[in-house]
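Listed after this line are the structures, all set down as structure tokens.
Next come two complexes built around chain A: one with chain B, the other with chain C.
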Partner chain A sequence: MNPSEAPSTVPPPRKARRIPGWAVGALGVAGAVVLLSTTSYLTDVPQLTSTGTIQTAVRLALPILLAALGGLWAERAGVVNIGLEGMMIMGTWGAAWAGYQWGPWAALVAAAVFGALGGLLHAIATVTFGVNHIVSGVAINLLGAGLTKYLSTLIFFPLSNNPRESPAVPKFDTYSASGLSDWLGELEAQQRVGLSDVAGILRGLVTGVSPLTMLAILLVIGSYLVLWRTRFGLRLRSCGENPVAAESLGVNVYWYKYVAVIGSGALAGIGGAALVLNPGQPGYLEGQTNGRGFIGLAAMIFGNWRPGGLLGGAALFGYADGLQLRSGGKTFLALIYGAVLLLVVIVIWQLVRRRWFAAAFGILAAGLLYAVYYSVDEVPSELTTYAPHLVTLIVLAVASQRLRMPAADGVVYRRG
Partner chain B sequence: MGILRGKLLPPVLAILFSALLCGIALVVSGANPLQAFGVMFAQVGEGTTAVDIINSTGTYYIAALAVAIGFQMNLFNIGVEGQYRVAAVVAAVVGGSIALPPGIHALVIILTAAVAGALWAAIPAILKVTRGVNEVISTIMMNGLALGLAAYLIGADVFGELRGNNIRTPEIPESGWVPGIPFGSSGTVFGLVFLAALLGIGYWVMMNRTRFGFELRASGESSTAAAAGGVNAKKMVLIAMLLSGGIAGLVSMPEILGRDHTYNLNFPAGIGFSGIAIALLGRNHPGGIAFGALLWAFLDKSGLALDNVGVPREIVTIMQGAIVLSVVVAYEVVRRFELAAQQRQVGRQLGTVDAA
Partner chain C sequence: MSTTTPAVVLSGITKRFPGVVANSDVHLSVQVGEVHALCGENGAGKSTLMKILYGMQQPDEGTIEVAGEQVRFRTPADAIKAGIGMVHQHFMLADNLTVQENVVLGAESLHGIGGKARKRILELADATGLTVDPGVLVERLGVADRQRVEILKVLYRGAKVIILDEPTAVLVPQEVDELFATLRGMKEQGFTFLFISHKLDEVRAIADSVTIIRRGTTVGTADPKAVSSRQLAEMMVGSELPSPETRESTVTDRVVLKVENLGLVAAEGTRPVLDDIDLVVRAGEIVGIAGVEGNGQTELVETIMGMRKAHHGRVLLGDRDLTRLGTLARREAGIGYIPEDRHRQGLLLTQPLWANRILGHQTRRPVSNGQWLDLAGAKQDTKRIVEDFDVRTPGIDVAAVALSGGNQQKLVVGRELSGDPVLLIASHPTRGVDVGAQALIWDEIRNARARGLAVLLISADLDELIGLSDTIRVMLRGRLVADADPATVTPEDLGSAMTGATSAEQASESEGE
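Here is the complex of A and B:
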């Protein structure tokens, strides 16, 4: 974020990637499934890959995913968006307000509009007035929280007799691939090693799917296509990498930044709607977002400012959340066991590559985690809630040299 | 004139603009803004409001000082929020489990809080200087972890105890309390409000009269020039962050040692973020911060009266948010205006531009 921290030398050109991005993603998914089913087999905790866990995980991952996507749009255009949390809060209010009157689709639209208003404010402050991005984001978080509290006291209180809660909001109908789902259910019930795990995960993904989930997936794919495969996206990203060069080539940097940040707010707002429209929730609730905007930001960083990566980050954080919510701290412990397994694989890989220091560090971390697994009966729920924060810190500490954020991210740009 | 325009005009404009904005919001929602503001001012004389404002000012002042130290060198300590929470729990637990003579006991608790806050801030600081991790992201994550850690530590089977519907740490014995100044029925001013004032003086001296303060400001003005002048950037980051965290650790001390004597579930949240807003409003100047803290405390405590006239008191939160955003915009606009004026003046003196 500080321009002086940017490396002054041009890094040597990287070797051409041998494996395409989608293949890396597929390998990652396959690896995650193998890891989960192995852990589930070794620790005898079938909930790790049960349909219910996966369904809950998907529901909880959605808000994180959408917030992360919002962060991606803003940061690719060079605007750091700490205000995601505030925009998300505004989205929750908008969703509840329109939702209880006109149904879930109206809720989505209103949430996007309210989030976009927050984005517009951020864009005016950071792009037009050149205010520091962090400062503006913090202000928007304060403002978003205050505004929704005020509005909910004013409008929801007479309806629900509770200033902190909205009337119940109708939810989306969910869809299941019924034949497939039943067949997978039978397979899962057989409790065969590996096969049943895969069946459980797949069944969780195809049963009770909300249109919101499909929309979110479409938005991820759409964001990738727009940002990386169109002229508009190239120009938008050029504003985040080198706005001066972009301007010299005739790109209207201010306009692109405005579009990106407003879109970012709209996505964060839809993320808020995903919370309100979650079947487990009655509607708007004060403090409902509970820092999920920040976790979205974390998922984006975890995903190295790439759509596929942030999908992985959101899935991981949503999964940890869902596991805890569904089956408590005991099964969460199995996840720690899984982390140990993962570390063992990493250590072997580092040994093969003769990177002794990294391997030694990995062994130490694995030993520590195993000690935790061995000595604790149950992870306290107070701590599991914040697992995403810890994972993000660790990823930042270990891989911060490999993460590459847009070069001019957070730098105030002034035309002239 | 220059000082007046550059330093005082923006906050005044921002506050007026925010008041206007909130006034419009009130009119739209069917309330009388003049009545609302009138009620707020009248509230200061009622009950314990005046004393509450002073106490709250002290708390906000410490939080804003903690933020300001980082801001002086463009270091964004978003983590004050987590630092003061962790410090409060640790200090409350330590204070409740040791027995020392009066005075020393309180001193030990205060020092514990400062050390705990500094240690919590040390993690992002070390990550920044050794691994280049951006402090904004890491401190945000540390805030989340602080919430979890605090909730875990006061659990009934760890250090906490259940009292009715509330979970709290064991009460600090009377030897650890800091007496306040009683004003009868108007309440009691916390003794440690004076700690806030002392910290403010110390902050001013450090910034303006010590080499460290100079280097800190130099790093903020231009990190490259400071490096060329022999300032060790990493060391500055580390020290500034530790100092900031240490002061952040003291944020809740007036309340805990003056009134609550324990950390419980009703512990106030969000003071760290308010501190950021106040430091921005006061431009990192100890006097400006004092004014900002007073304004924040006034809005908080007098806003309670708004419920009596049928206005949701959350309007003051909107006002606070609007003030922060408009004050930073106002500073920027005035800065640009002055820059342009300076350029015109230079142009006139050089004779390249016709006098307007």
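Here is the complex of A and C:
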């Protein structure tokens, strides 16, 4: 409201309670499981927590997770990377090109290299030439789509007789914790309330795990350790918070931004590889990413620019995607019922805190959703396809209120 | 450490920028364990000199000696290695990082970034008076603590000579006292300070010796205990010190601006920023507001302009109540406004001069006909301003950023005096401008006053206030606490009234209206 930025001498009041991040995560996971098993019980749709759904969700969450990680690296160094989508597309092409010739590990490496090239381009434009980050990112998205179209016509068409598709790419072998998985399978088959749901979710997480999944989890943990626990990470984050101060302390801001954005591209590229190496897909397909780079960006924002948070965001979007892909309209309707339950909880919470307006709004939204649930038997398939996008929209609209982005994110920095 | 070897000696330093000589033949000698003040007006070249000492810029001529040895600094890192640290006027801190992260950034090789660094920070924090946990985010700290973090950063790197660039500009008086106590304590421990300031009372309070810099060159060193503020001020400005000459008064009885009982609260539960302000400015009168920066002057001006919403009270222009009007309507009612920061509020730096002429006048002739802008009229009138106000520019189509500070300010003053305002609010009208522009702006304000304009003048430059004003009101912690007669008041008296240590003959209750 007030225009003057005169520094206030009064320190802002301390937050009353401080819950550590891991506790918030654990609470969130527990809450999600309770919500899902309740919904699954009340609507009699066991697919909500079935092993198959969770497996699909994990597979679909992977590209989003990797793109989000890419976004995290760039934005922590102060470069908005809306070009994730384009870098991901380049990754899918690179993965297919190397993958059909030399196998999945080569696909992974090539995807990272192709994505990193996109990142390099973004870094040159934004860091060296001071181009607006959004403009450069959009250009890279267009370039990624155009370039891969050209390259696949040139290289894949003679092999697959289809300019939009690559030859089949060999996939990773998957691994299961067999004893545990069988035992969980029995539990799930017993259809006991709550217990079977938890068993189904756990079984989905330990059955048919691709090395890519393990790699992605390692990358999340690794990103946290590197960015928050090393001198390199501190310097990188300082470039996203106050590059002028960082430079005055001898940090080579340009170099760190370059490293971050190139790494960001490589991660997005691996995200593309995760799509190509998904067992459900033959290989590269034009338009395969379908906005997942943007959804990854949304997952990162939802996760408040933190690795743990973006893991949650990617899981949410992957789940919404997996559910619609696997079981269609009926299960999606059950999810709407779940949303109504969630809103009821939120409304009660708001009432306790005496926030009448928010509570009234929540009641209205819950009523509307329930009306939808009550009046239709099945959500039309045209709509369920957009489930992840819809969830993105709603989650961002609700969650973006209290987020804290890096202070100098998106600001073009000029040395001197 | 022998006391006969000075900590820092600068000799014959000269630094030229295209078109200006920022420093010429500067000599400065700082003893170990003293607080050495560097005094000079804005634009006198203090900051350039310190940037040279800190390695941010290289001198064209001259030498730097640290502890008896001649050195050459190419980057700040070289200066840090030689034991020189700098606390910038604008804090170089990342709000979303913790105190510890801010301190160790760039110096991770000393003690890492973990527990050892934390231990070292806690050891050093005592000296600076910082009591917060190093794991706290900087955004939770107040201004005074942020400054301690800045000092801590410098200490952590092992500095023995610390440059403080206008450290008190952002502090309230109590915080200034605390800072001075910290500095005295650290001085005992053998640290040396270079204290840059143009606030003479503070210099006299803390410094062991003073070097005066004027127009890029050092004009002498003095013992602050032995000279008066007046003498220091004369050394600072040379013969240019505006003397409050007797001028014929143009003050009339017609009240132009009347502020009644104005109050403003920044945040619930805090001290009001403006507390029951009553103020009258008459036609042909210049009312000066004196005060240490941060005592509510900015907020007062912005509330009168309608940029902030008053919590209570009224603002009247003539007989018209402006309290509920927006800023544009207030400007249309006849208020001209020279903002305190021309870059942030006064100009669009990338736009041509004639586009800047339109700002704030977009609904009025000659730059507008009803709904459409009159570009030809705007250009015509910009030419008039450029001529009348001696704005040195290659043309009216150049971007405002291409002009020097003084010429930018002349353009702003010209614009704000256009369209026959009845009231001019001038916030630091000559801050950071050269002497020529300063004289011209003063003349224009005096001429406008003679034509019957009412002027509310806010300035940190006490001589400007005394020289221009017909009445001076002193502002402290959001209240108008005292009046002064510019014909008799001295800068010292005004200075002590501003800090609350009011001498009896100057303090009278706010005059009843």
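In the analysis below, the second predicted complex is superposed on the first by the 386 of 416 C-alpha atoms of A that agree within 3 Å, B and C clash if a C-alpha of one lies under 4 Å from a C-alpha of the other, contacts with A are read in each partner's own complex, and residues count from 1 in each chain.
Assume a contact is a pair of C-beta atoms (placed from the backbone, for glycine too) under 8 Å apart; a residue touches a chain by one contact, two chains touch by 3 or more.
A quick note: this is a predicted structure, and the numbers were derived from the prediction, not measured.
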(Q) Just to be sure I read the superposition right, which of the two partners does A:I82 touch: chain B = first, chain C = second, or both, or neither? (A) first
Q.
After the superposition on A, what does A:S248 contact: first (chain B), second (chain C), both or neither?
A. second
Q: Identify the partner contact of A:F294: answer first if only chain B is touched, second if only chain C is, both if each is, neither if none is.
A: first
Q: Would you mind checking which one, chain B or chain C, touches more residues on chain A?
A: B
Q: Go through the superposed model and pick first if A:N278 touches only chain B, second if only chain C, both, or neither.
A: neither
Q. Regarding the shared-chain residue A:T153, is it in contact with chain B (first), chain C (second), both, or neither?
A. first
**Q.** chain B versus chain C as contact partner of A:L143, first or second or both or neither
**A.** first
Q: Mind working out whether A:T43 is in touch with chain B, chain C, both or neither, as first, second, both or neither?
A: neither
**Q.** chain B and chain C footprints on chain A, overlapping residues
**A.** 1-2, 4
Q) Inside the complex, what are the residues of chain C that reach chain A? A) 75-77, 80, 88, 92-97, 101-102, 104-109, 112-113, 139-146, 153, 170-172, 175, 266-267, 270, 294, 298-299, 302, 307-309, 345
Q: Could you please specify the touching residues of chain A with respect to chain C in the complex?
A: 1-4, 6-12, 14, 229-231, 234-235, 237-238, 241-242, 244-246, 248-251, 404, 406-407
Q: Using the touch rule from the top, collect the residues of chain A that touch chain B in their complex.
A: 1-2, 4-5, 80, 82, 121, 125, 129-132, 134-136, 138-147, 149-150, 153-154, 163, 291, 294-295, 297-298, 301, 380, 382-383, 385-386, 388-390, 392-393, 396-397, 400-401
Q) Can you list the residues on chain B that touch chain A in the complex? A) 25, 29, 74, 76, 78, 123, 127, 131-134, 136-138, 140-145, 147-149, 151-152, 155, 223-224, 273-274, 276-277, 280, 312, 314-322, 324-325, 328-329, 332-333, 336
